[in-house]
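So, here come the structures, one by one.
In what follows, subunit A forms one complex with subunit B and a second complex with subunit C.
And now, the complex of A and B:
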C-alpha cells in the first residue's frame, strides 16, 4: 500500500516537472526598469507624452521580440514633480530589482544623485541640466545640456547678428532647471563669446509680461533666450506680439528675436502662442515630425501602432521618451550579445562603451548617442529650428557649440 | 477612584492628583505599553520594503510636527499657517552645518542627536520671534503674520546662494554604535530613532498639559482676558506656545533632513503648511491622539489618491487633467467634510469608541 502511494506521488511529481520545466526553459528573462515622472501636476504636459514614448517603445520591443524571448518590464510611476515622491518611487523600484532607471526632473535628479552613486544605478533623466553630471558617475544626459543649448543659441546670435555687440536677456524658470545654463553662459561670455547679457529675468506666474518687455526694450535688448517651459514663453510671445516687438526676421533692428532651449519649443508652443510663435528660434537634439526623416516615420508609426493621438505622436517629448527607451534597449541588447549577465553594473559598462564605432543612432535625434567614461552627454549635436507658417522648420544643419568646453 | 483598577466605568476622582493621571486604569496603561511594544517589534516580523518604510518614517515625522502645531493652534488657539517653514528652519539648520563644515562632518554624522536638538532650538527661536506679533494680533490677522513668515522663508531659501537656491543640500550618513548606518539599514534605523522621539515627545506633551503651563495654553485659548484676570500672562503664554511648536517643528525638520539625506525647499512650502493644518484638523485639534491619527489618515489618503490618479491618467486618456486635480480635490473635500460633520476630528471617533467599550453592554 505504502509503495503504491509512493509510486503515485512520484508519478505526480514527474508530471508536474514535465509540464512546468519546458515552459520555464522557454520563457525568457524579464529585465525590470523604472521610470518616475510627472504624469500629473506641474510639467505634466511634457511628462505625459514622454511617458507614452517610453511605454510604447518598450511595448514595441516586447511585441516584436527585439530581445528574443527576453522582455523589458518598465514600471512607470507618477511623482507629480515632487522630489519626495520620486524618492519613494525609486526605493520601490529598487525593491523590485531594477537594472536601469529613467528619471525626470532636475530637482529629483540632483536630490537622488547620492542614491544613484550608492546603488551604482545607471540613470538617464529627462533633465538636461549640466549640474546633474557634477560629482556623479551614474547619470547620463540623453542630449546636450541646457547650458550647451543656451550657448549654442548665443553662438548663433553672435554669428548672425549685424551691427555692434548683441544685447541679450535671459528669460528663465525660477528653479535649478531654469538657472542651470546662466552661469555657464556667463562663463562662455567671459571666455570670449561676444555678446552682452543685459538682464536675467526669473519669471513668476505672470499672465502679462508687458512691463518686463518694455523694460527690456528700454535697455536695448535685441534677443531673448528662454530656458523654461512652453506656457510662460507663449505668454511672453503673445505680449510681445501685441506690442509689435517680435522680429519678422532674425535680428531685425528695433525688434526682439526670441529663442529658446528644448523645453520651450515644440508643437505645444505653437498651439499656445498661435501666430505670435512665428519666427521663434528653438534648439534641441531631437528631430521634428514636420520634416520627413526615417526617425520621424518611426516615431509616427510607433504612435499609430499604439493608438496615440496626433498631439502625442508629433510631440518632441514623445520622441524624447522614445529615445531614452531606445538607448536602454540598445545597451541591454549589446550586453546580451556579449553574453553578459544583465544587471546595473553590466549596463553601466555597456553605456560607457557607446562611442566611436559603437556609437548608437536611434533616428529620433539629429546626431549619434555617444557615451564614455569621461563623456556622459548622449547626443552632442544640436539642431536649430524656426517657426514658419505655424510649424518648426530646420534652420541650417546640426551643429556642436564651440564654447561649451570653455566653462 | 474606582474600586477596580482595570475596568473603571465612570469618572470618579477624590483628588486633583487622581484627575491628572496619564492613565486612568491599569488596562489603559497596559494597552499603551503593549501598543508601544508592538510598534517596536513589528519590523522584526514584517518586511514592508524600503518604499513603505520611507512612507512610515514620513508619517512619524509628520506626527512630531503636528504635535507642535496642535500645541499652538489646538491647545493655545493661535492659528499658524506657516508651520512648514518652522519645519524647514530645523531642516536648514542641519543643511547649514553641512554647507559650512561638510556633509560628513563629525557633528552631523556622530553627534546627530545633539544636532536634532539644535535644530529644535533654532525652530523654537524662530517660533518665538514669529510669536511676537501674537501679543498684538489675533485670529485672521495672526494667521496672515504666520503666512508672511512662510513666504519670507521660501523666498530666502530660493534665492540665497548659501542655501543652494532651494535645491537639495546633501546631508551625510550617520553613525550608530555599530558604525555607519548603511543604506540597507537607513530607513529602519530612522524608524526606531523617530519612534523613540515620538514616545518621549508624546509623554512630554501629555505631561505639559497636566502642568500649570499647559493649562495656561487652554485658558488663554478659551478667554485670554479671563486668563489674564486669573493671574496668567497671556502674552508670554502665546510666545512660548509658538516657541514650543517651533521646537517640535524644528526637530521634525532635522529628522526629515537626515531621513532624506538632503534638504530642498520644495518640502517646506505653503502647501505643506496647509497639509499639516489639515492633519491637525482631521486628527482633532486640541487632542493628543489627534496628532497621531491626522498624519496617518492624510498620508494614507494621499497614497490612495496618488494611485487612483496614476491609474486614471494611464487608463483614461481624456481624464489626465482630471487626474491632476484629483489630489487637491479629495484633500479639500476631506477637510470640508470634517469641518462640517466632525469638527472634533478622528480623535472624537476614538473617544466615542472608547466610551462605548467602557460602558458596554449598556448603551452609549
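And now, the complex of A and C:
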C-alpha cells in the first residue's frame, strides 16, 4: 500500500516537473530591477512623471518583446524623499535579487554610496550632482552634472555677453544639491572663464525677493544662474517681472537675464510662473516635446500607448525616467547579445563599454550616452532652451562645456 | 535709503502673510489648547479649492476665493466633528497626536489628486505693473495679500471682542468648566474654532498660492514655517500673531538684505528669525502676548 502511494507521488511529481520546466524555459528570464523615488512628498512633481517614464518604457520593452522572451520586472517604490526609506527599499530590492538599480535624490545617492560599492551594484540616479561620482565606482549620471550645466550656462553668458566682464549671481537651493556647482563654477572662473561671481544666494521659503533682486541690481548683476527646483525660481521670476527687471533679450543692458539648470525649468516652471517665465533660459541634456524630433515622437507615443495625460507626456522628467530605463534595457540587451549571464557585474561591464562606436543614442537626449571606466557621466551635450510664448524653444545647437575639466 | 524702506515694505508684506497663516493655529489653540499640526494641509487645501473653482469650474476668482474659504470652513468643521470631538477631555498630547495623523491622512488624500504632484498657477487677475513710490515698490499680488490679511484680522478681532459667539469662545478659552456652567456649548465652540481656522487657512493658501504658484510642498510647508511666529506671538493671541508675524518678516528681510552677501554669509533670513525667537523666549517664555497662567495649589 505504502509502495503504491510512493509510486503515485513520484509519478505526480514527475508530471509537474515535465509540465513546468519547458514552460519556464519558454517564458524566458526575468531580470529584476528596482527604482526608489519620491512619488509623494517633496519633489514629487518631478518624481511622479519620472516614475511614469520608467514604468512605461519597461512595459514597452516587455510588450514588444524587445528582449525576446526575457522580461524586465522593475519594482517602483515611493520613498517620499526620505533617505531612510530609500535605504530600506534598496535593501528589499537586493533581497529580491536586482541586477540594476535606479535611484533618485542627491541625498539618498550620497547616503547609499557605500552600500552601492559594497554590493557592486550599478546605479543611475535622477540626481546629476557631480559629488555622486566622488569615491564611487558604481554610480553613473545619466546626463551632464549640475556643475557641468552651470558651467555650460556660464560659458554661454561669456560667449554672448556684450561689454565688459559679465557679473553673475548664483541662486541656489540650501543643500548639497544646490551648493554642488558653486565650487566647480568658481574653479572654472579661476581656470579662465571670464566672468565675475558677485554673490551666491541661498534661498529659503521666500515670499518676496524684491529686496534681494534690488541688492543684486545695485551690485551690477546682469545674470542669475539658478540651481534649485522650479517653485523658488517661479517666485523670483514673478518678483523680477513685476519690477520690470527681466531681460527681453539675452544680456539686455540694465536688466537681468535669468538662467537655470535642469530641475529649475520645464513645463512646470511655466505652470508656476505663468507669463513671468518668458525669456527664462534653461539647460538640460533632454529633448523637449515642443519641438519635433524622433525622440519627442517616441516619448509622446509611449505616453499615449500607456494612457498618460498631456502633462506627464510632455514632461522633461518623463523623458528623464524613460531615458534611464532605455539605458538599463540597452545594457541588458548588449550583455545578452554577447551571451553573458545577466547580473550586476556584467551590466556594470556593459555600461563601462558604452563609448566610441558603442555609444548609445536613446533619442530622448540631445547627444549620445557614453560611459567608460573613467567617465561616469552619460550625455555630455547640453541644449539651451528659452521660454517664448509660454513654451521652451531651442536657443542654438547642442554644445559641450569646455571648462568642466573633461577631455 | 530707499533700500531700507524697501526692506521695511517687504518685511511687512511677508510678515502679514505669516500672520494670516499663523491665525489658524491661534484660533484653535485659543479655544481648545490644541496645536493643529495639520494646519499646513488646510492652507494647501484652500489654495487648491480656489484653483479648482477658478480654472476647472470657470468661476471668477473674486467669487471662488471666498467660496473656497467657505468650503474649507466646513471641511475643518467636519474634521473636528469626525476626528476630534470625541477626544474632548482626553490629554492634549493625544489630541495633538491625532492632528499628526490627520496631517498624514490629508497628505495622502491630496496626493490622490493632481495637486499632489503637479504644479499650477492662478490665472492672472491683477495688474502686473507694481506700485512704486520713492524707489520702493510693492506688487499688486502682495498688496492684495496684505489687504486680505488685515481685513481678516480686523474681522476676527471684532468677532472675538463684540459678537456673542466670539465672547463665548473666549469664555471657553479662559475656563471651560465655568463656560459650561453658564450654558455655553464647549463642543460647538471647538467646532467653530476649527471652522474659522479652516477659513483663515484657505485665505492664507490663496494669498501664498498667488505669490509662489501652487505647489503642494511649498504650500503645506507654511504650516511649519509660521511656527516661530505663533510661538513668539504667544499661542493664544491674535494680536501676538500679527505683531510676531511682522517682526519675523522684518527680521527675515533685514537679515537677508544686510547680512547676505557680506562676510561670506548667505541664507541668514532663514536662520535669524529663530535666533531672535530663542533670545526673546529667554526673557518672555510665553511669547510676547501669550497668557502666563499661574496655578495656585
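Quick note on the criterion: the second predicted complex is superposed on the first by the 388 of 407 C-alpha atoms of A that agree within 3 Å, B and C clash if a C-alpha of one lies under 4 Å from a C-alpha of the other, contacts with A are read in each partner's own complex, and residues count from 1 in each chain.
Heads up, the rule we're going with is that a residue touches a chain if its C-beta (ideal position, glycine included) is under 8 Å from a C-beta of that chain, and two chains touch if they have at least 3 such contacts.
Nothing here was measured: the structure is a model prediction, and the numbers come from that model.
S.K.: Subunit B versus subunit C on the shared subunit A, clash or fit?
M.R.: clash
S.K.: Just checking: does A:44 make contact with subunit B only, subunit C only, both, or neither of them? Give me first, second, both or neither.
M.R.: both
S.K.: Have a look at where A:375 lands relative to subunit B and subunit C in the superposition and call it first, second, both or neither.
M.R.: Neither subunit B nor subunit C is touched by A:375.
S.K.: By the touch definition at the top of the document, which applies to A:196: first (subunit B), second (subunit C), both, or neither?
M.R.: neither
S.K.: Who does A:291 touch here: subunit B (first), subunit C (second), both, or neither?
M.R.: A:291: touches no partner chain.
S.K.: Just checking: does A:29 make contact with subunit B only, subunit C only, both, or neither of them? Give me first, second, both or neither.
M.R.: Touch partners of A:29: none, neither subunit B nor subunit C.
S.K.: Of the two partner chains, subunit B (first) and subunit C (second), which one does A:204 touch, if any: first, second, both, or neither?
M.R.: In the superposed model, A:204 contacts subunit C only, not subunit B.
S.K.: After the superposition on A, what does A:274 contact: first (subunit B), second (subunit C), both or neither?
M.R.: second
S.K.: Between subunit B (first) and subunit C (second), which, if any, makes contact with A:349: first, second, both or neither?
M.R.: neither
S.K.: Could you let me know whether more residues of subunit A are touched by subunit B or by subunit C?
M.R.: Greater contact footprint in residues on subunit A: C.
S.K.: With the two complexes superposed on chain A, say which partner A:77 touches: subunit B (first), subunit C (second), both, or neither.
M.R.: first
S.K.: Flag for me the stretch of subunit C that overlaps subunit B after superposition; candidates: 110-118, 128-136 or 164-172.
M.R.: None of the options clash except 110-118.
S.K.: Looking at subunit A, which of its residues have contacts with both subunit B and subunit C?
M.R.: In subunit A, positions 39-41, 44, 48, 174 sit in both the subunit B and subunit C interfaces.
S.K.: Flag every residue of subunit C that touches subunit A in the complex, lowest number first.
M.R.: 3, 6-7, 9-10, 13-14, 17, 107-108, 111, 114, 116-121, 123-124, 128-130, 137-142, 208, 211-218, 221-222, 225, 253, 256-257, 260-261, 266-267, 269-270
S.K.: Under the definition above, what is the set of subunit A residues touching subunit B in their complex?
M.R.: 39-41, 44, 48, 51, 76-78, 80, 82-85, 87-89, 91-92, 94-95, 107, 110-111, 113-115, 118-119, 174-176, 179, 309
S.K.: Can you name the residues of subunit B that touch subunit A in the complex?
M.R.: Where subunit B meets subunit A, its residues are 49-51, 54-55, 58, 158, 165-168, 170, 183, 187, 260-262, 264, 266-267, 306, 309-310, 313-314, 317, 320, 323-324, 326-327.
S.K.: Of all residues in subunit A, which touch subunit C in the complex?
M.R.: Subunit A residues touching subunit C: 39-45, 47-48, 174, 199-208, 210-212, 214-215, 218-219, 230-231, 234-235, 238-239, 241-244, 268, 271-275, 311.
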